[in-house]
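The same subunit A turns up in both complexes below, where it pairs with subunit B and then with subunit C.
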Partner chain A sequence: MRKSIIWLVCVAALAALPHLLSFSQQEILVVLVINILLVVSYRLMTLTGEWSLGHVVIMGVGAYTSALLTKNLGMYVPVSMILGSLMAAFVAFLLSFPLFRMKGFYFLIGSFASAEIIRLLWKRFRDPFGGPKGLKLIDGLPDINIGPIHIDFFEPTHYYYFAVIVVAACLWILWRIERSLLGLTFHAVHWQDKLAQASGVDVRRFRTLAFVLASGFAGVSGALLTHYIGTINPNTFDVELMVFVLTWAIVGGTATFYGPILGCVALTVLNEIVLREMGFEQARPLIYGVVMIASILFLPNGLESLVKRGVAAWQGRTGGAGAKEKTP
Partner chain B sequence: MTTPLLQIRDLTMRFGGLTAVDKLSFNVERGVIHGLIGPNGAGKTTTFNAISGFYKPTSGDIILRDESIAGLQMHEVAHRGLVRTFQHSTLFAEMTVMENVLVGTHMEFPPSIWNALSRQDAHDRSGAEAKAMEALDFFGLTGFVDTLAGELPHGHQRALGMAVALACRPDIMLLDEPFTGMNPEETKRMMTLMQKLREAGLTLLLVEHDMHAIMGLCDNITCMSFGKLLAEGSPQEIRNHPDVIEAYLGGARHVA
Partner chain C sequence: MFANFTRNGVTRRKFLGSAATLAGAGALSSAFPRVPLAADKVVKIGFLAPLTGPVAAWGKPGLDGCRIWAEWVNAAGGISIGGEAHMVEFVAYDNEYDPAKARTGATKLIREDGVKFIMMLGGDTWPGVQPVADNTGMLFSTLLPSDLSPDTKTLIAPCEVHPVYNVTGVEWLAQNKPDLKTAVMCAQDDALGLPSVATYLAAFEAAGIEMLDEPLLFDPATTDFAPVVTRLLSKNPQIVCLDTCYSDYVHPIAEQLFQQGYKGQIISCTADFYDQMIAKTSKEFMEGFIFQFPDFDDPALNADFINFKDANKFYQVYNERHPGEWGAVSWEYASIMDLWKAAAESADSAEPDAVLTAMTAGGKGKHAFGDADWWGSDLFGIDHALVGNWPVVVIENGKATIKGFKSIPEWYAKHGELLKKHMTAYNQMWNQR
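And now, the complex of A and B:
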């Protein structure tokens, strides 16, 4: 009962949110929702212990695939989005063969290099990728006209609702995966791959599975983005965005499901609203860097550790059972 | 007499110019506790790693029942019923005791995306938890289900490592120095548990330094020195074997 009330309040808040914001803020909000899926899918990958620098380019694979399918084949947009996601997962599957011969730091560099190769292919081949200028005039989501209802997805608010529904569905799947025995196996592979393997876990297979799944969802976020902004080029998915994703994940913390979401929301609010309003346009990357270093120094477990402490303190005050023992 | 459960035939392990194990052959009979002993650096752990698939043997063969497992990877060996533990307390320290043992049930309840998204997961999980509880119960760890593995006392960590292996339901368990760092009380308890495992039909192969435990526990002992087979036999035979005494004590003529 209490749970469903909380859910209702959350849904109402998400529905009301765009109406409280200015037009430009609404546009940022849509991108924020998409980025949340991006960073949460990235976390699924980090569950098995490997940090990739190619995640954003994989997202771009989803974006390019979906855009090209609609532009060249006139495919219906939601279908092209699904195919874009599958393509991203497939590319990740192919990349897994060379990449999972490496671990740790080498994997990081390897993923960066292979992602750059994909990105440079987009730059090099004007046909079909459009070269450095990328693709323009990508179809948006088709309007929906049912009787008196007209939904025009060029309107940020409408696209926001669409994105929230898609992202929520994806987050639900990711959540279920993490809480399942499959998620437990991912954790096991991370903490002690030798012991996991001795228990019959095909470590390589589960690393690949996490990588492919994470990439599929990154592909969804890429497809969502491309049909919203309508124009993409190789630099949309460059290493700068990758650094942002890393920063969100690190500042938010990756121990919990909500950590990266917290990091993404907090830093986007800081970046787009506070700093932009204050006129720090040029210095924003600098401040991002400072925030990242500061959070590593002073909040090594991320924003999520603040939430945990807050919850523990709140339970302690209301006399929650055993709460006192849990506080560090 | 039936064929041995595990046969090691001419196993050789070379690392560059170093021959760690040199044409070693021995058999492990079904349903026994078999000890692998030898002075430091004799190649016991290397042998272990080669059998369990952690290393790929340079040459020679390893036969489990009537199938060669030489060169298979560790998880493939595990699927064939041979599960190992590790030296020290190799555990999922950041996970709870229950979660540790749940990983052991991996082969019986293989996870997949479809299971994760359907009701099957809840079903599998309750089955897996029941199996995990059996293994925990065997080692007397049921009181620590929600404790983080890294926070357990050392003796309990060793027991948990074996509980994870037991949850895999192996036919043969390879134990790498199971008594290291245990006090005599814990050693005694662990020996009783191992005897119980043998009674349950399991075969145990263990590498151990604790001679007292080895002599009291094992049915058969293989003694290695410098990568080669030195002696084989019952504890009584090994104890009185002149080569073994020489390998351990450095030879009577030096002492005299």
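And now, the complex of A and C:
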């Protein structure tokens, strides 16, 4: 009962949120929702202990595929989004063959190199990728007219609801994966890979699976972005965005499912809303950097550690028994 | 001081608490949209350009110039609309040269700040803003006419007809140094570089200058220009053309040309912060460097046909406030505002459609460098680029000097087909983009 109430409150809050914001904040909110899926999908990959520098390019594969399918073949946008996601997963599958011959730092560099190859291919081949200028005038979601109801997905509020539904569904699947036997195996591959291998777990196969699944969801986020903004180019998916994804994950923390979400939300609000509104338009990179350094110095376990401490303190005040029971 | 600060008991908890309070206060204040103070008789103008990041050099100096322009106009009584004086206020949004942020910025400027006109750098950011322009009818300006297309009727390029004005530099070079007959060119492979490559190719062909090699297109992520320059010089050219490279490329390329012993002619679209280039090379090496953007202390800008008011004083004030930051765009956005102000006063309205109608009336306009024509159907599909004279600038004795003004329409009347040929080859015609 209590859980249901919490869920209802969350749904109501998400539904009401855009109406509490200004127009530009609604625009930021849409991109934030998409970025949440991107960073949470990234965390799925990190569960196996591998950190990639190619995740945003894989997101771009989903974006380019979906954009090209709608532009060139006139495909219905939701269908192209799904195919974009599948293409991202397929490209990740292909990349896994060379990449998972490496581990750790070598995997990190290998993922960066392979991602750059893909990005350079987008730049090199003007047909069909549009070259350095990329693709523009990409179709958005078609309007929906049901009686008096008119839904125009150019409006950020309308697209937000669509994105929230898609992202929530993806997050639920990602959550279920992590809580399943598969998720436990990912953890085992990370923390006890030799033991897992000795127990008959094909470590490489599970790393590949995590990489492919994470890439599929990154592809969804890319497709969501491209049909909202209506334009993409190779720079949209450059290493700068990858650094942001890493930052969100590190500042938020990756020990929990919600850690990267906290990082993404907190840093986006700070960078895009708070600092702009405070008049630090041009000093934002500097202040953003200082805040990041401070958070890493004072919160080495990420923002999620604040939540853990807060919950522990609250449970301590209300008896503490529950907290002790739940501690592994 | 910092030791005292910490000794007096700033704990980690206090630090984080203060930071959180600050962030919370900011977030709370930002949750309530600001109300425009209509009673102040203020007309707001949006400035949507990169103010941070690698392309900031083509955004921030323009905003600084606009602020000087606004001070001068407001001190002189503002803009007269409907018989009343209106003060001008610039509202800036840093789009970081990102289409998504440009869309957010356009939405904020139009729907929250109530601006009447938005100035942009354009380029990669324009496709993100285009749907907003189409949906709202807001009047936008771009510095890059390659953004123009018949699809959007409210986008104008009233100042910089990039890259077409580059033909004037080549034309001047051919007339004044007729013995130089061979050239090579490099450019970054992007939306700025490619149309400029096509333009320079057309200009060289028109001037009878032979290209010794295909233009060398490098990736915008390039940081080491030694191999680029080595390859350029391997052809032993008399002219090295740097196309429309960002200043982050022009500087290291010039440095490499110097280090590799090049002694020939250099021509470039820009030479922002050329004093730094001289410091990195030598005054002798930079002597005769041709580009297209003058310092505004040049006496040639006091000529009667120049429409930019008090150019010399503008340059002086700019340099007092922002020493060493004068660049290609420092005056450009301000010159667009001259046109907008004249059109708004003529239309007696700040509304975008009325201003656009007044601005383009008769097909003529007062460009910063003289009277000009609204032009562009051939290349851009719409006559929304203001084209007239453009200066040719040469570095002489360590100082940028205007050597003359050349007419772009006159060049185009003679060699337009060449330009179209090369633009088509590089897929830069409006119907190919």
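Keep in mind that, in the parts below, the second predicted complex is superposed on the first by the 321 of 328 C-alpha atoms of A that agree within 3 Å, B and C clash if a C-alpha of one lies under 4 Å from a C-alpha of the other, contacts with A are read in each partner's own complex, and residues count from 1 in each chain.
Operating definition for what follows: contacts are C-beta pairs under 8 Å (C-beta built on N, C-alpha and C of every residue); 3 or more make two chains touch, one makes a residue touch a chain.
Keep in mind that this is a model prediction, so the values were computed, not measured.
Engineer: Following the overlay on subunit A, give me a clash-or-fit verdict for subunit B and subunit C.
Structural biologist: By the criteria stated at the top, subunit C and subunit B fit after superposition, with no clash.
Engineer: Touch test for A:K123: subunit B only (first), subunit C only (second), both, or neither?
Structural biologist: It touches subunit C, and subunit B stays clear.
Engineer: Touch test for A:G183: subunit B only (first), subunit C only (second), both, or neither?
Structural biologist: Only subunit B is touched by A:G183; subunit C is not.
Engineer: Looking at A:P285 after the superposition, I want to know if it touches subunit B, subunit C, both of them or none. Which is it: first, second, both, neither?
Structural biologist: second
Engineer: After superposition on the shared chain, which partner residues are touched by A:I229: those of subunit B (first), subunit C (second), both, or neither?
Structural biologist: second
Engineer: Let me test your reading of the model: by the given contact rule, A:A196 touches which partner, first (subunit B), second (subunit C), both or neither?
Structural biologist: first
Engineer: Classify the contacts of A:V269 with the two partner chains as first (subunit B alone), second (subunit C alone), both, or neither.
Structural biologist: The second partner, subunit C, only.
Engineer: Subunit A residues in contact: does subunit B have more, or subunit C?
Structural biologist: C
Engineer: Between the C-alpha centres of subunit B and subunit C, what angle is subtended at subunit A's, in steps of 10°?
Structural biologist: 140
Engineer: Between subunit B and subunit C, what minimal C-alpha to C-alpha distance in angstrom results from the superposition?
Structural biologist: Comparing every C-alpha of subunit B with every C-alpha of subunit C, the smallest gap is 28 Å.
Engineer: Both subunit B and subunit C contact which residues of subunit A?
Structural biologist: Common to the two interfaces on subunit A: nothing.
Engineer: Hey, which residues of subunit A end up touching subunit C in the complex?
Structural biologist: The contact residues of subunit A facing subunit C are 20-25, 27-28, 31, 120, 123, 126, 131-134, 136-137, 154, 156, 225, 229-233, 235-236, 238, 269-270, 272-278, 281-282, 284-285, 291, 294, 298-299.
Engineer: Quick check: in the complex, which residue numbers of subunit A touch subunit B?
Structural biologist: Answer in residue numbers: 173, 176-177, 180-185, 187-188, 191-192, 194-203, 209, 213.
Engineer: For subunit B, which residues are in contact with subunit A within the complex?
Structural biologist: Residues 52, 54, 73-75, 78-79, 83-86, 90-95, 99, 102-104, 106-107, 109, 111-113, 115-117, 121, 124-125, 128, 161, 164-165, 167-168.
Engineer: Quick one: in the complex, what on subunit C touches subunit A?
Structural biologist: The contact residues of subunit C facing subunit A are 12, 15-16, 19, 23, 26-27, 29-31, 33, 51-53, 60, 92-94, 98-100, 103-105, 107-108, 111-112, 124, 127-128, 130-131, 135, 151, 189-191, 194, 219-221, 427, 433.
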